[in-house]
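Questions regarding the structure given below will be posed in turn.
Read from first to last, the chains carry the letters A, B, C and D; within each, the first residue is number 1.
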Amino acid sequence: MKNSQQSVGVIGLGIMGSAMSANLVKAGFEVRGYDIVAARRAALRRAGGNPVRSVAQVNAGIVITSLPSAQALHDVSQELKRKCIVVETSTLPIEDKEKARDVLKRKGITLLDCPLSGTGAQARVKDLVVYASGDRKACDQAKEVFPGFSRAHYYVGAFGNGSRMKFVANLMVAIHNVSAAEAFVLGMKAGLRPEQIYEVAGDGAGTSRMFQVRGPQMVRGRYGDATMKVEVWQKDMKVIGEFAARLGVPTPLFNASAAVYNAAMAQGFAKDDTASVCAVLERMAGLRR
Amino acid sequence: MKNSQQSVGVIGLGIMGSAMSANLVKAGFEVRGYDIVAARRAALRRAGGNPVRSVAQVNAGIVITSLPSAQALHDVSQELKRKCIVVETSTLPIEDKEKARDVLKRKGITLLDCPLSGTGAQARVKDLVVYASGDRKACDQAKEVFPGFSRAHYYVGAFGNGSRMKFVANLMVAIHNVSAAEAFVLGMKAGLRPEQIYEVAGDGAGTSRMFQVRGPQMVRGRYGDATMKVEVWQKDMKVIGEFAARLGVPTPLFNASAAVYNAAMAQGFAKDDTASVCAVLERMAGLRR
Amino acid sequence: MKNSQQSVGVIGLGIMGSAMSANLVKAGFEVRGYDIVAARRAALRRAGGNPVRSVAQVNAGIVITSLPSAQALHDVSQELKRKCIVVETSTLPIEDKEKARDVLKRKGITLLDCPLSGTGAQARVKDLVVYASGDRKACDQAKEVFPGFSRAHYYVGAFGNGSRMKFVANLMVAIHNVSAAEAFVLGMKAGLRPEQIYEVAGDGAGTSRMFQVRGPQMVRGRYGDATMKVEVWQKDMKVIGEFAARLGVPTPLFNASAAVYNAAMAQGFAKDDTASVCAVLERMAGLRR
Amino acid sequence: MKNSQQSVGVIGLGIMGSAMSANLVKAGFEVRGYDIVAARRAALRRAGGNPVRSVAQVNAGIVITSLPSAQALHDVSQELKRKCIVVETSTLPIEDKEKARDVLKRKGITLLDCPLSGTGAQARVKDLVVYASGDRKACDQAKEVFPGFSRAHYYVGAFGNGSRMKFVANLMVAIHNVSAAEAFVLGMKAGLRPEQIYEVAGDGAGTSRMFQVRGPQMVRGRYGDATMKVEVWQKDMKVIGEFAARLGVPTPLFNASAAVYNAAMAQGFAKDDTASVCAVLERMAGLRR
């Protein structure tokens, strides 16, 4: 039997949770995982982990949560019983995370707010960054497991700062994805080839991580293989928009990008990658490839 | 006496021209340079080059032009006499470059449209990229001198494509500079430290070359040491805006950024770095550091 | 004792509710009103109405609700017992109104969705327009009381259409208020006097109801006498923004206006009139009057 | 023979110039008109005016110019010889008008900057407003003819203020036309009928002159009968945009609208009315009527 330091719990085995679990297994951890979907629990077993039948059975000193909604977090908070440190990695409103933290605290469980920077594709190759926040001591303990599923982690301070940093980063993601599309459409309409735009503009002052990551889809004009679906991204847009409004921060470029994502939803790209904003702008520009 | 392959002319010895000249000298070229300002000619001599007294005296097979305005280009076009290849590196409307090309063609001089990606600071350390366009054969000849002042060059096709690619790249520069400012202001107002934002958000999906390059100024909140002044940048904004309007390309984010640069001009940042848009957004957000 | 046609209930006696009540009294109705705040009930008595001590005691065939939040509507829905037609005039998410409608239906009470176009100042002079929607027959009955507090009413169809029309109208209100500010700031910076701008531009193709209504505050540069406070307006902005996002409608101008309202909040104008966006843009433009 | 007070010259007999001439004739003036196009001179004769064969032959104390470009104004300035007061009604950059003023001054001719508010359709029914600026005494003389072609006029001060006021008014025209389109598209996508939106939202706080004027085209979804073509309007957009940039005035809503007009150009609406931005937003919103 392995000792408790080598065990780690994972609740929520979707795209992110399953990828993290697989990497934790490879890194030598015993992964005790749970998901409400049986097929996902089975997938965990195939990946070398140990699925359990309920949240309450996830018995480990450190438990990672990767959840689709605030409601899921509140449900998990009710069901957790054993003392542990919970590494909450989902992107959710801070208020919901605070509420969960308070519920768990009464049971002696410490919730840490630790959103991740990176897509599902990046999670599979361990190209994730953890924005860890909350109780410092608990974070120090939790960071033993971070290298098992991420390439870097930063401690960013008080509980909620992880989410705040995530919103800041995602504000730029929202903008840079659309700015890449503007650049491709402007260039293509001016007669430049998209491959050339990707190669040349990607090697200069105008480049961004999003230009590099989403650019290949824009070059091909195919968005079906989504690493971030527009309909999922809309939730992030809403969370960031409300965060900025509540703080009284004007975000003119972010707001301008929101109109383009709405159009992507309207034009049938809900299940496609967010890179499909390029198709939206092409249509606006009357561009036929 | 050196042979003609080893000589290169440079017309316009401002921030960019002088930096390129100095690097060409270091790379072993004999630089024959001209500028209307005597002090700049003297500086060229100190840097190891050979200043001449007029455009007509710039005797070299390949001549680089780095000019502040369309008028300067038209003046130089009138004064050039000897056959050569002119590598025109300035950012100007394509129509003006075409006009100069036609004037020079009648004298047997080939003008190439070769804008540069990179700031004055980057020029000094040879961190420039050349977007070469125009006559292919002439470009092949000219590219012998490119490594003398740049780290990379791309041939992007017919005359004008260099400028088109530059506008595409600069559209993203315009946007990403403001998006970096939005991110810093949102984060700071949420209580995050700017140093932390720079470190953490710079290592993730939201980063951009501009975030990395201009971020340190935004962290300090000091914009006096300009690598690109707002008032100079306004010319680029105008050129790109008209380019997009003429092509019928909607550029919502670029347009949103233009309002912020106008505000920077209005608030006294004309001589400061474009990173000062961060101060503009801070004021809008009622943020006091 | 008066007959039921002459009585009308009013729940919520804030700025809008008290103004409507006063006008209904003047129009000859017996107003039976309730508000959780005792002072407002007393004010109703002074205005000639009959305050009651609870929602359940508001005994009338037609009951108008004018409420500050969705929660207030849900509370009222629980407390109402007697059969009646409820004319719901608040601006709230449609989902909340639908929920209330369903709760009331089980008690034989018909809820109509009837938002108002007009501010508190307009309500006092009966310059309101009712966007009536829901059960047609109930609307026909309710419209007997509309002339008692409004200058016009429109039946716009199925339940919820009243709110939809209100969101459409308010989207333009949001934009035109900021466009008036842009116009004043552009004109003033160009040396025109604000009084002149108001007079001349108000008599031409560029004018709007908002320019006419909010313009005098922008001319004076004083926003303390609010007919619509920025902090209250922010709720409308949120509701409209989510409405558009859910429908997949790109609203680039509305989104651009949202950034300016956020700035107004940040700069201390929360309690001021929304016309204070003029002060926000003046600051951005470095304008000193 | 009529005396000089009753004569008025008109140079430029396009849509605006011919409408003004016809109304001046009806008002009892002898109109001496010139246009480079012979057919337009013939039309003036049919309308009861007296066409002449050159600019120099336009012999009148007050001469109205209605010209398509700055170049046309400069040409006319060269050709005018006799002393007179020129009422310049075109929308052109102020710099060009100043240049013309200076050229004419040397010949004893006083140029007034007097742009008009109103479309060609409005010009036909005399629904124009004159923004008069320049020499006060000359304006007082010129205003004798204003009632012959306009419904109102305002003296707005020093030369150029007429244009400044026009830019301010047109900034709002640009925005309100697009805001009307946003409102129609939001409403239609929510299931409201466009006729209803026009009727109901047009009678409330959200309305604007543009909503009222362009709304009927948006209701029908037909834009072929242009009172202001998109391609012509693009020139106004450029002039206003540069005016704001030079003054350092941030105009976020105007900038957002510019992207939509660019899209209209791109989608083939160049010759259609500017109301066609509604079709652009419908396409973005995936709306099929």
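Everything that follows uses one rule, which is that a contact is a pair of C-beta atoms (placed from the backbone, for glycine too) under 8 Å apart; a residue touches a chain by one contact, two chains touch by 3 or more.
Just so it is clear, the structure is predicted and the values come from calculations on it, not from any experiment.
Listed here as common contacts of subunit C and subunit D: A, B.
Common neighbours of subunit A and subunit D (chains touching each): B, C. Looking at which positions face the partner, subunit A and subunit C present mostly the same ones, since more than half of the interface numbers are shared.
Contact tally for B-D versus B-C: the pair with more C-beta pairs in contact is B-D. With centres computed as the average of Cα coordinates, no chain lies farther from subunit B than C.
Separating the centre of subunit A from that of subunit B, both taken as means of CA atoms, is a distance of 37 Å. Computed from the mean C-alpha positions, the centre of subunit B lies at a distance of 39 Å from the centre of subunit D. With centres set at the average Cα position, the gap from subunit B to subunit C is 52 Å. For subunit C, the set of residues that touch two or more other chains comprises 189, 244, 247-252, 255-256, 259-260, 262-263, 266-267, 284-286. The touch graph of these protein chains is complete, with an edge between every pair of chains. Here subunit D touches subunit B in the complex through residues 234, 237-238, 241-242, 244-245, 247-252, 255-256, 258-260, 262-263, 265-267, going by the rule given at the top. Across the interface of their complex, subunit D is touched by residues 117-119, 122, 129, 131, 152, 154, 156-157, 161, 164-165, 167-173, 175-176, 178-180, 182-183, 185-187, 189-192, 196-197, 199-201, 203-211, 213, 243-244, 247-257, 259-260, 281, 284-286 of subunit C. Residues of subunit A touching subunit D in their complex: 189, 252, 256, 262-263, 266-268, 280, 283-287.
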